[in-house]
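Paired with chain B in one complex and with chain C in the other, chain A is shared by the two complexes that follow.
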Partner chain A sequence: MRSVKLISLFSSLLLLTGCWDQTQLNETKLVRAAGFDYLKNGKIRNSASIPQSINTDTGTGQVNNQIFHAVGNTARQSRIKLDRKVSEKVDASKNLIVILGEEAARKDIYHILDVFYRDPKSALNARIAVAKGKASDVLSARFEETETSIGVGTYLNESIRSAEDAAIVPVENIQTVCPIMFDPGQDFALPYLVAEKNAVSVNGIAVFHGNKMVGTIHGAQGVLFTLLTGKQKNRSMSLTRKISNKHKDRILNYVSIKVKRNKRTFNVNVSPDDKISAHITLNMSVVITEYPGDNLTSKKKINKIEHALTKSLTKEANNVLKKLQDMNSDAFGVGRKLIAFHNPTWKKLNWNEEYPNIDYTASVNVKVIGHGIIE
Partner chain B sequence: MNSSHTITHRQLFFVIIQSQIGVGVLSLPYTLFAKAKTDGWISLLLAGLFIQISILAIWKLCEMYPKQTIFDFIPKIVGTKLGVVLNILFVVHLFSVCVIILILYNSIVSKWIFFQTPRLVVILILALTCVYCITCTAREIARFLMLVSPLLLVLFFFVAYAYSDVHLLYAFPVGAAGIKTILSGSSDALISLLGFDTALVFLAYTQGRSNSKLKVISYASLCVTLFYCFVTFTTYIFFNPVEIVIVPEPVLYMLKAFSFKILERTDLIFLSIWIVFVTTSLISYLFFTAKGVQTLFKLKHHKSAAPYVGIICALIASIPGSKLDVQLWSKLIGMSALCCSSLFPIFLLLIAIFRKRKEKGAVST
Partner chain C sequence: MTFFKKPKKLLEQKQTVIEKEKESSSSSQQTSVKKSQSEQDANVNQHQSINDLLNDIEKSFSSSEDLMTHWVEMPADKSKVALIFLDSIIDKQKLQDLILNPLFELDKDIDLHTFEKVINIDFKKQTDFTKIQELLLQSYTLIFTKDSTCFFSVFTPIKTERDISEPDNEAVIRGSHEGFIESMSTNIALIRKRLKSQKLVVKYLKVGKETHTNIAMLYMSDIANPEILHEVERRITSIEADSVMTPGNIEESIEDRTFSLFPQTLSTERPDRVAANLMEGRVALLYDSSPTVNLAPVNFFVFFQTPDDYNKRWMLGSFYRMIRLFSFFIAIGLPAFYIAIVSFHYEVIPSALILLMKSSLENIPYPPLFEALVMELTIELIREAAIRLPTRIGSTIAIVGGLVIGDAVVKAGLISNLMIIVVATTAIAAYTVPSNEMSLAVRLLRFPFMVAAATFGFLGIVFGLIIMFFHLCRLYSFGTPYFAPLAPFKIGDLKDTIIRLPFFKMNSRPSDIKPLKKDEDNHTRKWEKS
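Take a look at the complex of A and B:
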């Protein structure tokens, strides 16, 4: 009797799984990278990278990078059309990165992203980036680096991750941009990718206003942008700055630093006559990673370098702020501070018109706390 | 009453906590936001204060009629005939609470994970599990509710992880909604805090000094209020105030974006733990209902009522299909539950005190 009970008990375990909601891996094709472009007629072209490993006799799985394209009126419709072109069911729940073509980014990106926010299975932690030109170009770009062993999704994802580590681009994913997209008092920025001959490079930052891209920031300014967001620590936040013109050898005029600590104070003030001013102060502790001029023994010399760096970075930081004001992108959230602490003022003003005209400044204080293992 | 049926103070504490934390936690920030905007967490704290009054009333009632459940002492307070009517009404109210727990559980589960599975299956799985759980004594139920309580820490940890990406400024300016809206928001908060009323039956089984019983229930409800407040506040600084209006389950949605090195889709893990908390609140209410049915039909043991109660609830719960139906049901049942669980004990207490005075007066003259 006991064994009958046990057997029926264990066999009933088989029923527990049910058979309604199954998603079987061998019946799905996983999208690892998705791209969206607007066509001239306003339709959306969806490109998806679906890597497939090829089984060889030796057993090492090579990856066949297949890119599929489909055109539809909306993001979802183009996905459905894409599904018809692929043998199995397309599943985007393991998506790593979404790439928006520049033209699509300059229109309302929420219209495209809605499908990601709405679908309970979508990968909200996928990175998101803007491509110069067409997203499909970036997705179908040839990249020499380990092309046979990883898919383009992994490749792009890793390139952006390393750019994030170097603080060239801010860290964002589909979900983290969403609250900011809705926020009237703050804007965001995304990595800006450029397809080159044999690689895709993270070229800078695509700056947004509301849901629309309004411009780009390149190079060292990207690092300063990230520093100005108040990001504190990173594995390698490096900058190379020119600090003098004296030397004939070009290389001797430069110093490379690595930011060890970055502390931001961000003040927004409203004067009695409703004039808004904002000021960002960055206190950085840096380590000198390259200075061929050497001679860092004396305090005076170090002070000189600190002074030169302070001056040059302050200037650059103000350039970044100026640029952001010109593009009308409130990436550091002056408006948010106003909403929180100066609510009556905020309610009166039209932020889109006011922001480019506010008094917005930055100052950077650099302190050298180390110089590697030589002086 | 058999001595093996009693529960300790500590068990009572967890019984109350487990009954209170339930189906509401996922959408609570959203419902609160609808009225009190980003000050919803203040409404919640106020609601926590309000329910303290009901808790006092419940405790006083149970002190006046020790070792008796509400179904035993209602007839003693209002008279036998009216007592039976009120008992029936109260059992109907308890049925409706069980039904709404099942409805809300199903609507979330079918929206987030089981898209294809038929409603009735999802509901029956939970209902039958709970029926099995309540066929035992109050002590065993209390032990089970205590056993699963450590899971609360996991819930806490997941929500706390959101602090890796929050915008503290979203909570400012504090109090912008105005005192009136904050107050009106707290009625919604009250509904989510319901569950302390299971004390009306569990207190009868609790041993020990009467004063410390009150302390235990109050602490339990304080803990739940603070936990809810923490969850609500966290979602308010994670989502933009404009965004939260379109996210009905903010707690889950927030977790969907997080991934750890070895874990992805933390929302699904959260959901599975959340189901345990739904189960526990359903267990307490089903037990409560079964006790009521036992008294009404003068059964020997509540065990024999349990399967009928469970299956009837499950069948009713599978009626509403569309989102709007669910909203309507939850609004109606929410209001009735608010009256029956938090206001009714206060009225009952007032009548009881009035009667006692009268009796005393009659004796002394």
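Take a look at the complex of A and C:
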């Protein structure tokens, strides 16, 4: 009797109404890459790459890249409008990358990213990047690289990942950017993408101040930037530097190195008269991966190369710091150190005005620990 | 001669029962024979001659044509004796060997009476004429002489048992390949062969008012807990039923909770398994004409042990035992997990896999629950059909089933190929559970999990698991906790449940069945210390 009561009680639960959170995978359209641009009238244009895989007998599905665009007053509104254009429910939980147009990035990126931080299903580990020009141009860029088997989201994501591995750009995603955005003592930088004719290249680093993009860093300076962050300790970063002008053959003037270990020491000091000075020391252990001049067995030669590299890299590092100071971007967090260790000083000053004027230097010590398999 | 080892006690019981039965029946043919002991002399005198007696017997068997009478001339005094037997249940070779050959080799001056004393234990003088029918039905050959006060009986049963062979569903790679057969006495002999100990006790019980099913209860008197023994015996003797035909009937009558999917006694056809469990303090129940032996009390993890584990190196034994426990969760949870993922939580699918999965089930017309149910039921259909069909057709079913399931449904776009992978993995996982009962339980258990997953996603699976573990923790087998040694938790008993430690580490018996002797006295590596 008791069980009859229980069963009828529980089965009556089935008659109750309520919302059901079932969302079936085959009834959704997955956004794999999203782009945001501001239009001239201030509205937001949302572009989304929704790859549709085409099933074949062999199982390896081809991917049909579809890009949808929608315009709205806010990011969410444009998403809702986008949903109306797509046959099934649009879902961004497997989003791989968010691309902001340069114009949008130079305004306030939080205005756009807000929607990601509020939705519990949004992919917070999606990468975030800035596009030169319009984000939609990057998304709609034709890329030759096996276009039929991967979507543009995967393509961009993988390009940035390999750039991160090579330490050309810092590792950031939507989640890691958020606390720094609200931190008055630190700024961040994002990968900077450029749409080319048949590819999208990771061109450099877009440097931010607060929520706004303030400039870019390109080429080898990008590598030094990531080395100076001190975050990537065990990655293999490659650099090719010119170390002399003596040789007639251009190629003999260069050496290529791979950074094996990179240890950063970061000191921020405040003098009694409230003058702030910051100094970054990088101790690098490198392996020579290319040196056509050879004779690396000689200690003298190695010392010479180490010396040349130290000089050249220190100069370059100081250039990066100078550039950052000019752009007023505290990407390495001098302000954070001040807040932590020199709080009374921090409270007194206006960091936005003070930062470009502090004494900010760097020194790089290069030590060669290997020169390849040739003795 | 092993067939004559039938325990005497049992035989006596059987005979008294048949006698009782006879007394209660009122068949007219038996009236002439069915007389009390006091009337016996008169009864015998009624038979004017041996011929009359034989006629009466024939009448009482309604002239059944397998009742044979055979006249033999005694070499001693040229007198004629009658051999009477039921042709269908006696062994003629034995008749020849035990009666006719010795008879003709007799010296002239020895008659049957002395013959009985000298030669054969199976050759007995009988005086109770009321037992004639009964003896005939028990495969005896009766010898009647002119002397009407007594007759002789010889036990000449035909061998109707199959040979001892390896049980199909409990095969092992290394170890004994003997299995139980349909004869209880042989089965007991197989166990005694392994446990040559005077502490091994056999106790006969009888259930079923009409079927008189014999049950033998075996235990180690110095290990098994008397409380458990008493409980098992009490439950068996309290069974009141006209017919108790199968071990399943008895299992259902004595287990703690019939409304549970989980088996509460372990069925096995392996003597080594029974012997090992007896040594742990369990009780074995053997049945007449059934090769299945039930072991009680059991816990959940006993169903995942096989004799093979103990013949492997211990690390491999542990590994495969863990695989089996893992397969338990695969078998109940994998389809549910898949359903929950594709209909609720596809965020958890790795990025590299999601388009592949999406493309696989893009064009499936119905929800994943339905898809899974159809496939699971199809697998069960094939399984059921494969059991029923003769082996020659069985392979056809396998081909048809494999083709239909593996290929055609996917090509037709009815089922996604991921679902095929899930269902196939699940089916294989269910079969790795060594016990057939547990494997069946697991197979049924996955359906509620699938429904729960389709309704509430991961939450549903978690609720399902909670309810399942509640049930397992509350379940008792003959007063011992079923989910031991996890609940109640005994770290020492884990040595032979989830893993299998080496033999020299197994120094104590599992405590959940409360053995009288906890210590196993294992000192197998004493040589190391000397």
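One rule holds for everything that comes next: the second predicted complex is superposed on the first by the 346 of 375 C-alpha atoms of A that agree within 3 Å, B and C clash if a C-alpha of one lies under 4 Å from a C-alpha of the other, contacts with A are read in each partner's own complex, and residues count from 1 in each chain.
Definition applied: a contact is a pair of C-beta atoms (placed from the backbone, for glycine too) under 8 Å apart; a residue touches a chain by one contact, two chains touch by 3 or more.
Keep in mind it's a predicted model, so treat the numbers as computed, not measured.
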Partner chain(s) touched by A:F341 [first = chain B, second = chain C, both, neither]: first
Touched partner set for A:N269, first chain B, second chain C, both or neither: neither
Partner chain in contact with A:D21 - chain B first, chain C second, else both or neither: both
Which superposed partner A:V63 touches (first chain B, second chain C, both, neither): second
Contacts of A:P51 with chain B and chain C, given as first, second, both or neither: second
Touching partner for A:L124 - first (chain B), second (chain C), both, neither: first
Partner chain in contact with A:L30 - chain B first, chain C second, else both or neither: second
Partner chain in contact with A:D183 - chain B first, chain C second, else both or neither: first
Touching both chain B and chain C, residues of chain A: 21
Chain C-touching residues of chain A, taken from the complex the two chains share: 21-26, 28, 30, 51, 53-55, 59, 61, 63, 93-94, 96, 121, 123, 151, 154, 157
Chain A - residues contacting chain B, complex: 18, 20-21, 120, 124-125, 173-176, 178-180, 182-184, 333, 336-337, 339-341, 343
Partner chain A, residues of chain B touching it in the complex: 111-118, 121, 165, 167, 169-173, 176, 238-240, 242-243, 256-259, 264
Footprint of chain A on chain C - complex, ascending: 341-344, 346-347, 349, 351, 354-364, 367-368, 417, 457
